[in-house]
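Heads up: the structure comes next, in structure tokens.
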Amino acid sequence: MGSEEQAMKKLIGDTAAVVTDALVGMEAALPQLRVDHENRVVLRATPKDAGKVALVSGGGSGHEPLHGGYVGYGMLDAACAGEVFTSPTPDQVLAATSAVDRGAGVLHIVKNYTGDVMNFEMAAELAEAEVASVLVHDDVAVEDSLYTAGRRGVGLTVLLEKIVGAAAEEGAPLDEVVRIAEAVSAQGRSMGMALTSCTVPAAGKPTFDLPDDEMEIGIGIHGEPGRRRVKVAPAPEIAEMLVDPILHDFDAAGGPVIAMLNGMGGSPLLELYLMYGEVAKLLEKAGVRVARTLVGDYITSLDMAGCSLTLLRADDEMLRLWDAPVETPGLRWGR
Amino acid sequence: MAFDIAALGRWVALFRDRVSDEQERLTALDSAIGDADHGANMARGTAAAVAKLESATPTTVGEFGKAVGMALVSTVGGASGPLYGTFFLRFGASGGDGAELDGPALAAALRAGLEGVVSRGKAEPGDKTMIDAMTPAVDAFEAGASDLVSAARSAARAARAGSDATEPLVARKGRASYLGERSAGHLDPGSVSTALLFEALAAAAEEVSA
Amino acid sequence: MGSEEQAMKKLIGDTAAVVTDALVGMEAALPQLRVDHENRVVLRATPKDAGKVALVSGGGSGHEPLHGGYVGYGMLDAACAGEVFTSPTPDQVLAATSAVDRGAGVLHIVKNYTGDVMNFEMAAELAEAEVASVLVHDDVAVEDSLYTAGRRGVGLTVLLEKIVGAAAEEGAPLDEVVRIAEAVSAQGRSMGMALTSCTVPAAGKPTFDLPDDEMEIGIGIHGEPGRRRVKVAPAPEIAEMLVDPILHDFDAAGGPVIAMLNGMGGSPLLELYLMYGEVAKLLEKAGVRVARTLVGDYITSLDMAGCSLTLLRADDEMLRLWDAPVETPGLRWGR
Amino acid sequence: MAFDIAALGRWVALFRDRVSDEQERLTALDSAIGDADHGANMARGTAAAVAKLESATPTTVGEFGKAVGMALVSTVGGASGPLYGTFFLRFGASGGDGAELDGPALAAALRAGLEGVVSRGKAEPGDKTMIDAMTPAVDAFEAGASDLVSAARSAARAARAGSDATEPLVARKGRASYLGERSAGHLDPGSVSTALLFEALAAAAEEVSA
């Protein structure tokens, strides 16, 4: 280890082996999971029953508990762990797809990043199993345009993996699973902000410099700068900067929503609860009825301080699937 | 004069060397408008490609392209893995069973590689991607393909100029597009690694001709 | 808000109202909880059955999910939220105790800090309910001496609240509950380390300065410096600095242990898994058999980067109570 | 000359003012060897005590002590809440139903307060706590109790000297004890707030005599 890595404030050994080493610890800590270390794929120790649709997701590492922490009953069957903030390779996705196929087809859940899309696409082209895929692109900070890469996939991924995972666990056939996945993808929106940057182990220093009195609005989940930089503001104002763009983008009043106030990794839970309190006030004022809530670190950017808000307009079917039992390291209820 | 398999191998090795020298710079550029991994991605991928060429010992251009392309696809991930991987896979397919490439054949292989990148990534020139360096480079190579060394040199110059020209652009593809107007004022990292790819080609051509 | 608070990288409004505001958000997010805002006590929305022993804990805020996040079926009945890093007042503890008493007595779970001990003591003196209390003092970084304040209560608190909570939920009488609590308290040890300090909102800047290439070994959970400052080291060496003092203090080989690798709040889950992998190797080498594992942020110091290790020598009864259903925001399984 | 209820109220108000002026310093001291909250704790508590005196309008020393003590106990938390709270509760109990305290009665009340702190916290002199300022202060007050102003002044000096003397000590009680040897070289924050308490008493005595 060079002197530069020595000085990094991280619980790591060899910077080049962070993901590999973390998967070793994950497998040791979680007997319900199995890790294909060669391909860096996290799998259920006990595969689901034959004849059920399997769910594969994955992406760059550094977003934990996403995706490996959502492998288990009622959610994913496999998660491919790329390098930090780098999408997995087609080999990994292919290995995951073959490992979990139970004869009823495999759904790829792909966050909309050029790299993720292309790597999953190449794997799907090579797979023997019947593969369908759904794209998550919920980030309202990004312009929704045909001429660009389109919106990023962020917080909605967690909600989608839960709801679609429940449908697959119930035995819904592939076309049903795809229909529900598309519906969730269409009905969810997110917006995020950062108080600090984060440090990618291989880079060894924060991705961007942020003065003590400024913050970034409209960030993704890769430690990248946001759409604009503004002065640090108190929580009620930050809540507006998250809620307003989402409600501007779609009409959430009326029907019930599932709300997730997600921490980016470096903000204490105390602050996340406080933020949710501010968000809840604004949603109530706007006539949005929150039926289910998650507050905590569910899809992170390493040690970035900040948070994101995701709202999903949920119909009865989605709410029922949301409430269905789930048993993963990151999300668990009902068993 | 022509590029045989050994010379193609030198090209990849020289590309690896340049990427490794410039790794921090590539990451710094990607930190500004991306996610701070382009240096690490390319260093990992080109090292794997060189290792693969040593173990696979290809004897045809097709085998060469497959070895390099698959090594990149399998180890890089991200956007650049499938893109550079596709570049070399198509490059190899164009060269086919031949054991070397003369100027025009090399031009055709580079063109095939570029077309692969375009069809995989669906970017257009001006979107602020590696395409903006690769397109003028391949054009320049074709224009001078009769003299390998000078064609490669002018391709390298064109790639670098194309990369430099990405600075003022507002990105429409890749991660930088999420920044909107804020992406202007920064070089596209992938275009810089593409400039390194063509500079390595020119250096390899000089070695071949020496 | 003054300009100083403006510049703090925190999701807060009024620095003086952080705890109050967070409790508002917590109640909004978690319908299964009820908050007595006047006394800042987190309660179950549905109290447990009459005739069962109730568990009250509490302490300074800033350790979330501890303690409020452990209120619920199978764990606590009430948690008192003090100011950040400041123990609650006797009034709060008294209000909690009266609110949850179901006629079978109340157990106070107190972490061994002078302030916590005195405030809980004053409340117990004033309470009408039958009150017993158990002291958690598991931190091997602190000398165990009659002439000092003794060891701090840290990570073991989480394990104790879970195990003892299960016993109370089963209907064990107060003396039984106390016996089990004492047994857990006697059989657990912890050791912690920090890569960074943390920022108390009211202080507005990090509690201590830590150079880029140094870390603190033997920290507690209040952002305080540790027993010694050393050069930053790679994860395998850090693992030794946590495991060795614990195994030196008591013999963990032979019987099964429950292991918790806890994040201090600012370290990404990726790193915590990686650290657990290193810890697991050392434990295996030392002949320690790990029967159950927790990896994540369970008892934190705001945004401090770092981790702690807790080992509990668990007999069959403790393992059975550990596996019993629990339904709290911070720990949930079996229902 | 004697301290009536109004003068006792001035004492608490002046204590609040000093704590508020020194809040950042108290927190800085507590950052070094504690948990960075002593300033906030004491500011919150003394403000609540002043407010409580305004609303409760005590007419006896006993009521005064109860109002201040309960306000501190109920709002401070931490170690200093029960300790300062107990100090005032016992102070009040000693003064009882009287409406004022002359020198010897004030000395007795301060002694009772100190004993309350010792029995609640079980610290001994030299443990590096507020006891190290409070003990010499009460001793000094008793020694000169016949002249209220000069007794209070020498108590304030003794408290400050006792506080200063905590610097080299290794803490055996309170949070600083967790630091072991590292606690040496820093003032104990609670001893500094105790110095403020007695400096406020001296200032109040000066006002009374003026």
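When the chains are written out, they are named A, B, C and D in that same order, and each has its own residue count from 1.
As a working rule, contacts are C-beta pairs under 8 Å (C-beta built on N, C-alpha and C of every residue); 3 or more make two chains touch, one makes a residue touch a chain.
The chain list, named the UniProt way, goes like this: A, C = phosphoenolpyruvate--glycerone phosphotransferase; B, D = Dihydroxyacetone kinase subunit L.
Everything quoted here is computed from the prediction, not taken from an experiment.
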item: Fewest hops from chain B to chain D - one hop per pair of touching chains; value: 3
item: Where chain A and chain C overlap in contact partners, by chain label; value: none
item: Rounded Å distance between chain B and chain C, as computed from the means of their C-alpha atoms; value: 53
item: Geometric centre distance via CA averages, chain D-chain C, whole Å; value: 31
item: For chain B, residues that touch 2 or more chains besides their own; value: none
item: Per-residue multi-chain contacts in chain A, two or more chains; value: 84
item: Arrangement of touching chains [line / ring / star / complete / other]; value: line
item: Chains grouped in pairs wherever the two touch, ordered by label; value: A-B, A-C, C-D
item: Chain D to chain C touching residues, read off their complex; value: 27, 31-37, 39-41, 44, 73-83, 120-121, 172-175, 177-180, 182
item: Chain A to chain C touching residues, read off their complex; value: 1, 5-14, 18-19, 21-26, 28-30, 61-62, 64-65, 69, 84, 195-196, 212-213, 215, 231-236, 238, 261, 265-278, 280, 293-295, 297, 300, 302-303, 305-307, 327, 332-335
item: Footprint of chain D on chain C - complex, ascending; value: 60, 82-92, 113-115, 118-119, 121-122, 139, 141-143, 147-149, 152, 200, 202-203, 207-208, 220, 222-225, 227-228
